[in-house]
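Read through the structures below before going on.
What follows is a pair of complexes built around chain A, which joins chain B in one and chain C in the other.
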Partner chain A sequence: MAAIAPTAGTARSARARSLKHDRRRALYWSYFFLVLFAVFFLTPPIYMLITSLKSSAEVGAITNPWWVYNPTLDNYKALLTSVEYLTFFRNSAIVSLVVVVVTMLISIPAAFALARMKFWGSATLATGVFLTYLIPETLLFIPLFKIFAWANETFDVSLMNHWWLLIIVYPTLTVPFCTWIMIGYFASIPKELDEAALIDGAGYLQILTKIFIPVALPGIIAAMIFAFTVSWADFLYPMAFTTSADQMVLPAGIVTTLIKGDVYAWGQIMGACLLGAMPPLLIYAFLMDYYIAGLTAGATKG
Partner chain B sequence: MRRGGLRRLARRKSTVAFLLTLPLIVLIAALVIYPAFYSIYLSMLNKTLERLVGLDNFRFLFTRDTFWMVVKQSCIFAITAVLFKALIGFCVAHFVHNVPAKGQRKWRGMLLIPWVIPPAMSTLGWFWLFDPSYSAFNWLFVRIGLPAVTWLGDPLWARFSVILVNVWYGAPFFLIMYLAALKSVPEQLYEAAAIDGANWWQKIWYVTLPMMRNIIAITVLFSLIVTFANFDIVRILTAGGPIDQTHVFATWAFLQGIEGGDLALGASVSLFMFPILAVAAIFILRDINRRGNEAS
Partner chain C sequence: MAQVNLRKVVKHYDETPAVRGIDLDIADKEFVVLVGPSGCGKTTTLRMIAGLEDITDGDILIGGDVVNDVPPKDRDIAMVFQNYALYPHMTVHENMSFGLRLKKVPKDEISRRVQAVAAILGIGELLERKPKQLSGGQRQRVAMGRAIVRNPKVFLFDEPLSNLDAKLRVHMRTEIKKVHQKVRTTTVYVTHDQVEAMTLADRVVVMNAGRIEQVGTPHDLYHSPATLFVAGFIGSPAMNIVRCGLEEAAGGLRLRVNDEVAFPVPAERIARYRAYAGRRDLLLGLRPEHVTDMRTPTAPGQCAFDITVEVIEPLGMETLVFFALNGTEICARTNPLAGLQAGKPAQLLADLRYMHLIDEASGRVL
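== the complex of A and B ==
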């Protein structure tokens, strides 16, 4: 473009102009594609919201499915008064909150020991923790099923088909990853801090509770969010280990009890899904930075 | 005297460390390591779990066409989905990176939503979008003169649909990872490349990609494992159908083991996820060791 410009000065300004022009064009294209992908990413949730605001009659009517002609909150009212749905919600809430606490109780001390107190086999253990994170639940649910059945026969404790069984299994999904990212957070705390505390006569437990936990609090919050969302969303374990409706958590409950092959219940199903997705979405909306920190920490710190 | 000894022992660093890691070790040993090995044992039992039959379950699997279909579909599903997730994540990360900084947060926040909704619930939304008689996509298609698609009824389309939903769910994760990685590439490198006359393609190929190599490798590896072991999406969308064409290892193992009551066969099926795990583990271990060596 500016190759045959008469003088160096105009050539440079032409070049600068074309650079600016290029940059603006790149910006417009970026916006164009971002809008395109935003449509792709947001269509399902928006369509779920649209459907959830429709009455059964409108869901079955042959009108524009992308528009609500007579918006109604009946589906949400029905859900919030349905004992079954509220039971799923309660089970999910208890399980997820307890799993968060259990996960923290297990992984904070372990991460502290692995990050700071070098002992025999600590490096191997840290790597091993990371590797167990890679073993998928889809490999474990069948042996676990058999083990729980065996426990039932041998010790006469009925584990299967109780919502609290999930409190025992979910930590296998959350603890390895949480420990792993916490090792990273703890390792980034300057050594001088705990050396100073040691000189002042603090024990290891005091160092953990008085220094490491307060300093690494952002990391702990990120790990807690991770543990909560994972337990809230898990689908395979409740499908495999719980069967009666009053013992189900949300994802499995919605899928197994609300779908009755009746097309016109879809408004309610979509409402149930959106309400069920609310806790993670709210956490995400208010604590987005922690949420994202938890997501990215695993790979960048590893 | 004895009390003093105990107290001294309790104060010793390694004892404290061991006690602190004990819950972790117990949890992992009892609920991850033991079941993993137990499933190998399970896979060598007969259907009533009373008799060791050696490798008969595997021999039986190898004679079944459905099994080979599941192997094929698991590979197609995982590889295609991860490829598109990585590509879309990479591209969209660049688009987000291009827009002015104050808008980036908004876009990022919006584009991560598919990842935040529990997959079981969002997949139900897709299921309703794919409904055979009320599909909202088909309504649009018919409006613009395209033929209606049997999303989940036709084997080919069903395979496409499960991959589409998996890409939709997983691409935002790649986007976030790649965006974080893009931010860590020093601006000077691009300036230097620009001075050398590099065009945008050369900047991506010679600056961005080498700088992001590690993060790309690790996200692709992770996602490959998770996608290979995926259960939710296929289970809800097609439950393996039509005529078993969309089954992956996890859903087929669930069908055989839990619903079909043949735990031994189910365990044998799910064990086939092990090879990919082993390969991934080797790569990741190598990576960790290399980083460890660099650090020290």
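== the complex of A and C ==
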């Protein structure tokens, strides 16, 4: 025993040392890559900020592009006093908020039905919902054109070139994905919870509103953030379906009005983009905890 | 009146039978425990009573009414789940009052009833907490409180104690019994733990492979098991079961275990077993407490025999002695002061007044 004890002791301390060593090395590498990613992803917004503080003359001048010699807020003043830009902002805000509401109104009941009410073909339908998400919008906008033209001919309603058209179109992007992640989230709620509610006297609608929505709130907020981000940032559909400046949302509006022919108002473009990126950024900042909780749902027991 | 009656209840999951025809009458205010190994259909039976599973065939009656197609909420039952199924976003008070609020019971009455039940269960101080802030035993109490507060016709418990540690389980077992004595509601309780079944039940229903093996009081099941399965399932340590033959001997009968060991059948059992004399395919069942270390018989029907001790397990108040007989491991409960030692020969006493003779082929106790 006396001979074994010290050996075991040194072996243990050697292992502890090497564990500590391993941990430190892993940390160095994590920091290295984290810094690398941070630099990589923060460079564009910083460059945008720098450019947005320059006058057109300074943007065009051959100076260090990473430094502002004569900082000015003229670009922001111009943007915030421009009726057009504020219209884009308003349109974007209305479209995105309404799309979030519409998406939730469709996705939550759909996900509940697909996750809990076993009916004929429910599993196939759930997969089908997700498959529709895999079809890119670049493939869809031409058929959508056709549909709008057909609606115009048949019902004499003009859908094209209206900002509210996007409220109809965006849910095709947001509903499938939101339904899909909420199916997963609802499925992680123990079956006994709805059975207990069923015995307590709740109907399906009450189970949904009083049990599932509150319990799955982090997941629902994650889905809402997703829906908001998608409809705030989508570029192709507004470019394709809206043409007049007063009907445009931010992403399309910025590139159509601030690029005139081959003249790029770089300072204003950059400022407009930065301001436009603010709402999602603020939402992420404040709801980040919910978002992460939603994405890692079911990883731990409550 | 809230008796529960099952009439030839059958349940199939796609072609796989889970419950194969159950007849059971549960009286008003009775505490009935369904017990059996996993997959025996006990939980399915409970869920059918609750209305959470459709029944394939047969009838279920609650309070005399057929409830086959009545949804759970209209059956006036309350269920306590294995994982408690407390609503995580609600406080204890909200959890307990959820059913009453759905029924639109006046607020002050809800409050009064919740307070009263909380007092019975000793959770009065926890009413504003969320389930996450409660210990396992407290959650268990809240789950019971949620059931009691609705004042249902029938309580259904689905293995409510199996998520608790051993010590707390024993404690909560007593609590459940106390609560039932106070609240006196018809109760159906499912467990795989035969100790829980014995301690709680007015009557125990032993199930196996989708059928009822035996229904009876804990005392009946323990002392007069009807089948080999019940004999082996009820009791811990389990009943010793050893193959034997029954032979005629000098006007009486003798159980022949092997060439060396044979026990005379007690006089009062001879008439009962006479018809089976000559059979070699019988099983002798004798509980460990009826194999003891007393060396000399003190009553007729006791019989000494020699063994070699293989393993001893001292438990404090008694010492379990294990030895082989006819290739079967036998357990005896002995006085710790008898000083039996592993590997040493010893003489033990079998008390055949408590024997069971089992027909191996049919599994019936004769």
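The rule we apply is simple: the second predicted complex is superposed on the first by the 247 of 302 C-alpha atoms of A that agree within 3 Å, B and C clash if a C-alpha of one lies under 4 Å from a C-alpha of the other, contacts with A are read in each partner's own complex, and residues count from 1 in each chain.
Following the convention adopted for this analysis, contacts are C-beta pairs under 8 Å (C-beta built on N, C-alpha and C of every residue); 3 or more make two chains touch, one makes a residue touch a chain.
Please read all numbers here as calculations on a predicted model, not as lab measurements.
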Clash-or-fit label for the pair chain B, chain C on chain A: fit
Partner chain(s) touched by A:245 [first = chain B, second = chain C, both, neither]: neither
Partner chain in contact with A:201 - chain B first, chain C second, else both or neither: second
Which superposed partner A:236 touches (first chain B, second chain C, both, neither): first
Partner chain(s) touched by A:276 [first = chain B, second = chain C, both, neither]: first
Partner chain in contact with A:151 - chain B first, chain C second, else both or neither: neither
Most chain A residues touched (candidates chain B, chain C): B
After superposition on chain A, the shortest CA separation from chain B to chain C (Å): 10
Contact residues of chain A, present in both the chain B and the chain C interface: 203, 302
Contact set on chain C toward chain A in their complex: 50-52, 71-73, 77-79, 81-83, 85, 87-89, 98-99, 102-103, 132, 146, 150
Residue numbers on chain A that touch chain C, as the complex places them: 190, 192-193, 195-203, 206, 210-211, 214-215, 217, 302
For the chain A and chain B complex, residues of the former touching the latter: 26-27, 30-31, 33-34, 37-38, 40-45, 47-48, 51, 59-60, 64-66, 105-107, 109-110, 112-114, 117, 119-120, 122, 125, 127-132, 134-147, 168-169, 171-172, 175-176, 179, 203-205, 229, 232-233, 235-236, 239-240, 250-252, 254-255, 259, 263, 266, 269-270, 273-274, 276-277, 280-281, 284-285, 288, 291-292, 295-296, 299-300, 302
Partner chain A, residues of chain B touching it in the complex: 11, 13-14, 16-18, 20-21, 23-25, 27-28, 31-36, 38-39, 42, 49, 88, 91-92, 94-96, 98-99, 107-114, 116-122, 124-126, 128-129, 131, 133-134, 136, 139-140, 168, 171-173, 176-177, 180-181, 200, 215, 218-219, 222, 225-226, 228-232, 235-236, 249-250, 253-254, 257-258, 263, 266-267, 270-271, 273-274, 277, 280-281, 284-285, 287-288
